[in-house]
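This structure is in structure tokens; I'll ask about it shortly.
We call the chains A, B, C and D, going by the order they appear; numbering starts again at 1 in every chain.
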Amino acid sequence: MTDYLWIVIALPLAGAVFLHFFGQRLGEPWAGIVATSTIGAGFIYALVAAGDFFTGTGHGETIHLFDWIAPLGANAELLWDPLSAVMTLTVTGVGTLIHLYSIGYMHGDPRYGRFFTNLNFFAASMLILVLADNFGLLFVGWELVGLSSYLLISFWFTKPSAAAAGKKAFIVNRIGDVGFLIGLMLILANFSTLTYGTVLEEPARFITAGTATAITLMLLLGAAGKSAQIPLYFWLPDAMEGPTPVSALIHAATMVTAGVYMVARAASLFELSAFSMGTVATIGAFTALFAATIALKQRDIKRVLAFSTISQLGYMFLAVGTGAYIAGIFHLFTHAFFKALLFLGSGSVIHAMNDEQDMAKMGGLRTVMPVTHATMFVGWLAIIGIPPLAGFWSKDEILALVFGEGGWYGFLWVIGLVTALLTAVYMTRWMQLTFWGEARWDDGVHPHESPAVMTVPLLALAAGSALFGLINTPFKGFFQPAFEHFLEPSFEAIEMAHLPSGATPYVLAVISVAAAALGAWYATRRYRGENAFERAPVAEGRTGLWRWVDNGYYVDDIIGNLLVLPGKLVAAWTAFVFDSDVIDGSVRAVGGGVRRIGGWLRPLQTGFVRNYAAVTFAGVVGLLVWFVSRGVS
Amino acid sequence: MAELVIFVLFGVIAIAGALTMVLHPNPVYGALGLMATMLSIAVFYVVNSGHFIAAVQVVVYAGAVMTLFLFVIMMIGVDRAESLEERLPLQRQLAIGLGVVFLILIGLIGGNAWITAPEAAAAPNGTVENIADLLFTDWLLPFEVTTLLLIIASVGAVALAQFDARRRGGEE
Amino acid sequence: MDFNVLSLLIWVPVAGAAVVVGLPRRRAELVIPVAFALSVLTLGLAGYLVFEFEGADGGFQFVEKTAIWSDLGIDYHLGVDGISLFLVALTAFLFPIGILASVNIELRPKEFMAALLLLEGALIGVFLALDLVLFFVFFEVLLVPMYFLIGMWGGERRLDAALKFFLYTALGSAFLLVGIVFLSAQANQQLGSPTFNYLELLDLDISRTAQYWLFGAFGIAFAIKVPLFPFHTWLPDAHTEAPTAGSVILAGVLLKMGTYGFLRFNLSLFPEATVQLATFLAALAVVGIIYGAAVAIVQPDLKRLVAYSSVSHLGFVVLGIFALTSQGVSGGVIQMVNHGLTTGALFLLVGMIYERRHTREISAYGGIQKVMPWFAGFFLFTAFASAGLPGLNGFVGEFLILLGSYSRHPALTIIAAFGVLLAAVYLLWAYERVFTGEPDKEENKALTDIGMREIGILVPMVALIIMLGIYPKPVLDRIEPAVERVIDRIEQQTDFQSPLRIDDIALDDEEVTP
Amino acid sequence: MDVTAGWYLALGAVLFVIGASGMLLRRNALVMFMSIELMLNAVNLTFVAIGRHTGDLNGQVAVFFVMVVAAAEVVVGLAIMIAVFRRRSSASVDDLAVLNG
């Protein structure tokens, strides 16, 4: 079964190629159906292939396809172990639902076929990323998802903001990729290969802790770029210019979690450096808090979710940085469901509101969109961490494990807890402003429930958000931590974080649920009733910290004015002053110099033959003088 | 003794002819002077046993070439005296100075030794047979090349004349 | 060997040039088909060469040797190894494409095609020559057709550009000639007779000081050709002013003569100097990478942008070569081929849009993806290939170079890695300005998308770009033995030890991460 | 008193200097041409004299070749001169200075 694992990648890839040539001709809805069925088939294949892992009898396998760049140990080799299985299933599973949803969402778009080409291509790229057996192939997937992300963000290319957002996403990702590349250089220099087998088996044989710190920090830079962590988070909110299913699939459920996956995959490297681990965790925690505060103030329905995604990714980084790899992956898994759900729900709303994204013009949609609202309600409970929904189990496992580490991690736990509170506030506000309260629709907008092709994926994702938490509860019996057992073979050699003993986890759970409830209660009261929007802290003219939050801490302005603008000025100076005047100037000066010397010598050429003859004769005499003086006689 | 007389006699004629050519304002006299010089040189060839080249000197140089010169002088009508005034600065001084220095240097060399090689027992005999022997053995390739040169020269002369005629024809 | 395929590769195009010139004026319609057919024939020969080439052999194959002037030791000596093989193939591949891209030339098409074919023969000759005089002759001869291609069929400032190109490269050649003659004199001293035979010159024992001087003499010639910073300023002018086919050849093959020269001559003949000066040249290369990219970002002219990107990309090649590791050098060689394909394709694309709008100003465009979707697709694809996107050819080279160079030049390589970032910046920014948004200018709304001929030109390039990106193994397998030889030689001649050898790599396929 | 080869060499040198001076002093193209011929003859004389001294006939062969070349040169030279004269009606080389820098 695993021998043909490449089929999982090949299916969506073939779909992409096919749709590239015939997608537009195929048109609605067949292009979508083709795309959905390829990735759906991939999901089923992966599910079957992962069968042994479910029963606990499977073991990791490497599948060699063909040599790619053999001198670097970067060949087309796939690794099939529980970790890649989880990722594959998440990508194909959630991906299938989002593909399905897109059939309805992209209705009427003139480039309908092209959209599914790109979506399928993304799925294939992401699968390369998670199935790779070496850092080289991982990097292939890593960059290709960046490409698909670029293509899909700027899908509506006639909109300048969309084109700019796509470019920004790709370039910011590339900054991280440079870090990743440097990490790979260090790996190759120390291990002479990029294959996981050699690098991750027992890295301490090859490298010291210091080298490990260097490698992992560089890899972390790459991960931060892809997973939108500080300092490279700022592309993700802009990426919401893309169609909503794209936001759901790429910028919530799958691509952005690649960084988390990579850290978990390279766990044995990260384990060698306590400093790197601390950095990962700290970056995660601060990103979580930072993004959550910005999310409090957004008025675009999707941007709230974008910052929320950044914040949740922060949790995952916090988890893997603490050594709680399985908890991090678990959160990745549950988050894929509830965040995709929330995005798709917001897409459903946007669809219903005639492409309106401003929450100031929504409200009261609960009655007109009952299915959407119901599923969003589930998503809301899941993300703020109300038991027994999925978010609770994963988030609280992370918080408990972080707490258990103690020390600096204790502080990070506090940040995590505050973030949980803020998450409840902004998500409740989001629900309030969108679905509850009074309607603030523009004239001529008549919201309606979305068609079944869109609501069915919503329902499926809602079910997942509600139930999949139960596969990893810390209890015995039926509610045993199945997910953990499933993944454990991938982390055998890694020392994992442990839960605090005794009743502490339960106390911690109560605390965080209480925080979530507090946040939800506060937001419900604050944004309820008449004029909810005006009272919401989004109005103009605020001062102090709110103003900063309102503008996303001016990060975009700072980057624009302190990095991009000077960069352009330096480039312009180099091009139009240094290059043309100094470098080319000296070339031209040499040419001019030759010309000037020629000018000086010019009068020597009198044109009188007899002058020339005289000079020739003088030469003869000169030669004779030389002979005589040398004594040649 | 006879050779000394011949040398002095014809040496004076040769130098006088050469000076006439350089100094006489009228090129016709110059040409005649040069002809005298060439004939004298032919005599020296004979004295030095260069029988064949002496004949060639008389026939080709003194005969054909100098006649051609005279013909051209007549044809383009410069057979009148020209001004010997020098217009190029320093040219005359330079020419005379260089000539003097050259002669002094030659004299310096002559004062030491003209020829370091030992004198041969017998002078070579430059008869037609002996010259031909060398020409058609050792010097065959250069000899054939000279034929090419002559052909090119004659073709060139014809082409120059014809080109010029065509231009004039076009103008008229 | 039944026939002298290497000689045919050189002389078929040269004879073709004569044939094209000899076509009667009233059969002018035959010029392009004949030229195209002859270039395709050459491509066929190159294909034969690639398939018949013995991959595992790192030495020279298909060697032909005839004495031209035995007193001076000048031979007609040709041979191909893994390093030159794909450069020859690339040359043969780009010329039919260049000819197809030039079918609309109105000014003296006959002379244009003849110049192209002559150029092809000379270029192939450069890569195949194993005699230094022969190499030099080809190296110089090709300046003539290139000069006329730029000077006669170029843009507005074509004469300036052509003159600059010619003089600049001729300056370098002067140094090269001195170096070659000196080398032959050394041979005369050591071997008893002068020789220009590359294989014999390898055995010379050259003093360290002489190696420095010779490295410099050869190096300047090649550095100008590459071009390495700061000798690059002829390149944007020449590329910008040249006609499309000229730019394609110039960027695609001509620049590779410099990097090829470094690899073939400097590394092998002067190993001591190479080891000592490697860091210096790598530093110049890295400056070129960043500098070229930075300047490309702000270019208002699309063609100049691509030209400066060449400076950046060739910097990668030089960095890889002077990494002196098997990976780096192999990466350099394959990157030469890759750059020829991607930048060639970019120049073709710029030429196509120039034919329609007669301007290269980026600001004159905007939103043309809407009116020219196919064109936009090809452009974006090529831009990403150029920016080193994995799965496409550019990545394989850059990846090998960067990872291979790190062990020898860590700091420089880290800086070079930012070139990858800048490449994305200038290409995507240009793409954004040219293609995205609504087409707001009237002239742009009326543009027609590319036709079948143009797609036919681009598709083979795209196919190769993908093929080399996904399955570079056949190419790498043939390059590596030759590269290994070069590195081995350096290790034997000096106390240098390559920090990274393929042999070291433990290929433990059985091991699996838990 | 024997006339050795040295005498002829001295005479040749004097004739050569006279020819060279004529070349430099006169501006009539024809006279300059004749000066050249004189210089050639002077050199020829030295060839023959040294040939006699060393007993080598090759000196005379060289003279033969010089004569051939001189003849060819005269033919072309005079043709050029006639062509120039037709255009400019002057045999003065100082009038032909258009190639000045």
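Basically, a contact is a pair of C-beta atoms (placed from the backbone, for glycine too) under 8 Å apart; a residue touches a chain by one contact, two chains touch by 3 or more.
If you're wondering where the values come from, they're calculated on a predicted model, not measured in any experiment.
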item	value
Distance-maximising chain from chain D - centres being C-alpha averages	A
Intercentroid distance (Cα basis), chain D paired with chain A, Å	91
Gap in Å, rounded to a whole number, between the CA centres of chain C and chain A	36
Centroid spacing, where centroids are CA-atom means, of chain B and chain C in whole angstrom	61
Chain B and chain D, separation of their C-alpha mean positions in angstrom	5
Residues of chain D touching at least two other chains	20, 24, 27, 94
Multi-chain contact sites of chain C, meaning residues that touch two or more partners	none
Interface hub residues of chain B, defined as touching at least two other chains	88, 91, 94-95, 98, 102, 106
Pairwise chain contacts under the document criterion	A-B, A-C, A-D, B-D
Residue numbers on chain C that touch chain A, as the complex places them	164, 167-168, 229-230, 232-234, 291, 294-295, 297-299, 326-327, 330, 367, 369-370, 384, 389-391, 395-396, 399-400, 402-404, 406-407, 410, 413-414, 417-418, 420-421, 424-425, 428-429, 431-432, 435-438, 470-473, 476, 480, 499-500, 502, 504-514
Residue ranges of chain B touching chain A (in the complex, touch as defined)	88, 91, 94-95, 98, 101-102, 105-106, 108-109, 112-113
Chain B residues within the chain D interface of the complex	1, 3-4, 7, 11, 14-15, 18-19, 21-22, 27, 30-31, 34, 37-38, 41, 44-45, 47-50, 52-53, 56-57, 60-61, 64-65, 68-69, 72-73, 75-76, 78, 82, 84, 86-88, 91-92, 94-96, 98-99, 102-103, 106, 110, 114-115, 117, 119-126, 130-131, 134-135, 138-139, 142-143, 146, 149-150, 152-154, 156-157, 160-161, 163-164, 168
Partner chain C, residues of chain A touching it in the complex	59-62, 64, 66-74, 77, 79, 81, 136, 139-144, 147, 150, 154, 157-160, 162-164, 167, 170-171, 174-175, 177-178, 181-182, 184-186, 188-189, 192-198, 200-201, 489-493, 568, 570-572, 574-576, 579, 583-584, 587, 591
Parts of chain A lying in touch with chain D, wherever the complex brings them together	601-610, 613-614, 617
